[in-house]
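In order of appearance the chains are A, B, C, D, E, F, G, H, I, J, K and L, and numbering begins at 1 in each one.
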């Protein structure tokens, strides 16, 4: 069975809780359930943390897992965490960077991703669907 | 029947012709055929030009078309054509920016897109599959 | 009879068509008719193109015309087309740069005009009246 | 009777006095007389000072006047006086920024106007006629 | 017979016509005649356009020609046309960038060439002789 | 009796007059009355001017006064008046910089204070209460 | 009973321990005791961590608390932790940023706060009294 | 009799008063007396103001005086007052810029003089003797 | 017995595990064993974490230890963690910064160390031997 | 007999000695012999030094020589030696700057030439042939 | 007898020789004779070199001399020779930097002096008289 | 017998002579004697010059020597001498850059080394011991 890991970074644990009038009342966990229903043949692993170090630890653990690919949305760490960039650089599996909102249409500090050069690709601004597009692509690629 | 327009910019007419050892020998036209086979229920329109002005003209024409969405890969114009950015800004339909290679992992001048703020989303680095992902998303969205 | 040429650049062909609630439903062509009515003694020539090269061609043609002056609104080309700047630099007749909106009160990329050093003057932010002010001035000057 | 105020900033009191071979021997006061002759139906108020604070005071006083519009040429304060920018921002009447020479074709420090975002429009490089163009526009607008 | 293509960009069609007191009254076409007389054994092809897209089209066509080399003077496009840079990058034949005036001794915006990294060499400031030097070199190289 | 001087800079004389729907209809003078009522044991001196030079003069005069402290809100001069910075640097008494709005959450030019290095502290964004907080602190400190 | 949370960031746990000759020998905990004595009617919560992620976790928890306000001194994270900035942005309660030393009078890297735009106000340079001033203001505001 | 004007800018009225342990207890006025004793054959005029506008006014007045030269120390206005720069630019007489301390060995903001391009020469860091050196030079030059 | 602490930052736990063909198959732990064999008279303490906060905690703990010196390789945190810089600044013992690869010969973002000003010295590019050189020096210094 | 001087700067004495697999085993001296054979009617002078001052001395000596022209390749001094730039500026004879490799296609620091504004022209990237092209041009020009 | 050393840098050996129509035909040596005549009581030493290293050597030698002061005009080395800056920093005697032309009114690269922070003072733009002013000052100072 | 060359740049000849209270009274020569005593099995060559060109000459000579390694401290040339960088780049032997003081903790201009990318490693801030550490490492490496 193919395995794909989704790693979400800081403040993404509050999706569906804060500002429901904007983001809807669906939590990431329930979104994940719907994704699992769409891809029953894939084991979808999930990890979220607000801790940069914990995110590095989790990304390093994939070295011992047999993953089809990694989907990362590292929140604001995207813009300055060279340590997460280095952790991603170490992995040989395909890595896709996802952002729910369009980071290049927001404040200037969000226009730089220090993670991008360590990933195969980037999907930005396409809502939570960005995760599904990344999974589609990982499956097509095999 | 739903209609989606793909607009390709400068030098993309040579896909499959130049450097086949890298990009394969598939031209964009034959890739387009395979896309049409995957989405028989969608009318896939296609336009390519090396001319900035012709690209603006074609993008403006969509104002008279009833499109589900627009998928643009404006090649190197991405990095400096504010005129194309303004043309895209005028459209109300969903617009997705696609790049075959990962522009944020290449030369510094390719890290800036003046088109991004005028689009809903961006897919970079996922090969020609980026076009298909954009189409998937436009169809899910409806 | 005195002749004045107005040259409009990219996306200005859509004035009065896009966003009528903001810009009104008057097209540039009908605005031109009203201008011609105000200045019956002037032959008002008009050219619009989305093509940088076509705009250069048209500006070069003025070398063979006997114009009182040139009024240019080069849209987004204003901010990066050094080629249009060079074309204007070659002309000896008075050249006025017009912008309908106030470019210095908009996004940062619009604060730089590479056209300005090649023109006698600049009128920004005064709506379509900017064209009429430029014509007034060209006529006073004679 | 309509009233328009012209406010001139530092060193503009010497127009017609310094460098007459370049600027002519007409002082701003006598230019003002000719303007008043052209617009007998308008009360043209005039104020000049070399003092940033006095210029702010005068601009604030317009809050108690019933002006059709304000025409400002703030000389070199244009490039750094955020205090004058704030004073202009407070006014609801139309404000036009005028420069006799073309500031965008001179030294680099003159290419930035901190006043522009607080004004409706800008006229640069069209000589003293810039004032008259501003008045024309204020009258058309009514 | 060896073939060399010369491609001239925007405003270079006016050589010999504008400012004859500076550049002389020789047009590029008549200069070309004299070059052909010097190199009777070479087929000298020539193309000029003010259109960025047309220049890209022409450069791409060389993929179907059997050229000894390409000599380009892309005028002001030199400084911002990454699209032309990409077109040149695709060619395997020797490419020489020529500028008639010395671009590094003129305005700051002319000190950057986005074309240079795609060419083998650069000749700047040596007048129209720059073209002949480029041809000499292409012939020596064989 | 302890004495504290408040110095307000350009445009702050219009507090309560302009934009009452935002700032309320309380003038700084009446706010000052309420402050004096809260601190009957303190002599609260007040000075406002739109003139940079007059503000420097007033700040210099404190050298002859026996003040507990100085509270300054120099409006837009905050961002460029090195002359006011030098005047403050000369004083040995505690100096607190106050801004009613949060200058670091507004336009970029307001993010730099050339006054800060000459003061003991800064209070920004806490409304007119910022003045009272500064006074509290000056009194605690004794 | 009103509740206010103080959150201190990295290295602030060593106040009173390191460099007592400069900062005094009072620890933050004993300062907190004195604050609680001054405000017996307020429940003063306190949290300190050197861990960026733990600080985000704690700030998120306030969403479940009924706080009058939040007082944050995030130490050096102030200058680069966009993740903490995002966490603060999510909260609707009043947030005040405090710095014991005057960050704008120290090294250049301390002059930028990425936290400021997410807070209502900032108090810098007023020693530990900055915390008390923030509490005063939160209580006045109610 | 030859006349030389010395113009001192903001905060220089406090020489000899503030920080006498550093600058000595000699005021500029008494220094001026000693200068006059050294140059009995020269009429030494003196003006000091903290007001930018007053300094401009005074500099403009020299147009009506028959001066051998002007010696200016404009204090912190040196670094940003383009208005004073413009006033100096208008004068044809020799103008020397003097700074008592060595501005190029102090804070970075003092390394730029917007006044320098309008003066013949600059003397920095040589104490009050800088004024005397400037006078020497003006007398030699005749 | 002398004690020296080595602190390694993010991703350095994978030395010898990732990319053994480049870095060899020796883990840091076994390298540490060989170091201990070389310096039997020194107690070599070791700490590694991917967590910025945990690294700060560990560095703070040295305040309670009696160390001869500290050797730090903070990985990518080197380039942005001002919080770690502040933690190091607090220590009075000698601190040496080590990098295995030569950070000044790699990507531009690695050329800046915000840690350096808080350390006595820096050893870069000398492989794992950098740690031994640092220890040598700490021992010589006593 | 016409005389042309070639001046080579630092490290160019090692041409043909270092990295023969890349640059070939021909020394500059033997290349010079072949050049002299091609131009028997020209006296080709040659000077090389690693010393900036010696290069300035040699360039100054040309003031006493009757040269047709100067060909300079100043190696890495090209990028920072304003002193060599000043020396070249003093000469009235034609001066051509040559670079063997294409400096605009190498590291960023090599993209700036402080020598260029002092020369008539520049030839970059055309190998040792660049010297011959420069000589050709100097001879044509006569 | 007092001794003062003048050190002149690159290209200053050509004063009076190049461009006599501008600089006059007086060489620095004959200017030196006239200076010696003015100051018979001073031993005026003189050194000129185009070699940065030789200038450093000479400046270092002053450590063994008993000089009243040093007057340096380091020509273009002024703008980049940190090595000369370091040499000057080592000297305890008064050092004055002189420039014949006004470096702050010339090209941008001449506006920075890396020598200034190592000198007591700077005299720029006052012609060769700058040397005499420096000597005057050194003598007054004793 | 192994040979190692130490090359010292400008002003380092004065170690032990200037500022003995800071640097001690040991000259580099006597330090060298002590080094030679520590490493009797190594032939330690030494060269110092203030002349950039002489340093390049000496570094080039190593091409004819059979060295174990090179240790360079190029003083202030470190920060701008691309010519020395190029000379080092040509050598295949191990090269270590040493700085006695910690250049990254001093003035900003000393934070950039143009030499670093041409060396294997860098040791900064560890006093004269830096040379010994470099030698240790060169010997271990064999």
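Please note the rule applied: a residue touches a chain if its C-beta (ideal position, glycine included) is under 8 Å from a C-beta of that chain, and two chains touch if they have at least 3 such contacts.
All of these numbers come straight from a predicted model, not from anything done at the bench.
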Path length in steps (a step moves to a chain that is touched) from subunit B to subunit G: 2
Least hop count linking subunit G to subunit I through chains in contact: 1
Distance between the centres, which are taken as Cα means, of subunit L and subunit K, whole angstrom: 31
Rounded Å distance between subunit E and subunit H, as computed from the means of their C-alpha atoms: 55
Distance between the centres, which are taken as Cα means, of subunit L and subunit A, whole angstrom: 48
Contacts with 2+ other chains: residues of subunit A: 51-54, 80
All chain pairs that touch each other: A-B, A-G, A-I, B-C, B-E, C-D, C-E, D-F, D-H, E-J, F-G, F-H, G-I, H-K, I-L, J-K, J-L, K-L
Subunit D partner contacts - residues on subunit H that touch it in the complex: 51-54, 56-57, 60, 63, 80-83, 85-87, 90, 114
Residues on subunit D engaged by subunit H in the complex (per definition of touch): 9-11, 13-14, 17-19, 49-54, 75-77, 79-80, 109-110
Contact set on subunit C toward subunit D in their complex: 96, 102, 104-105, 113, 116-117, 119-126, 129-130, 133, 136-137, 140-141
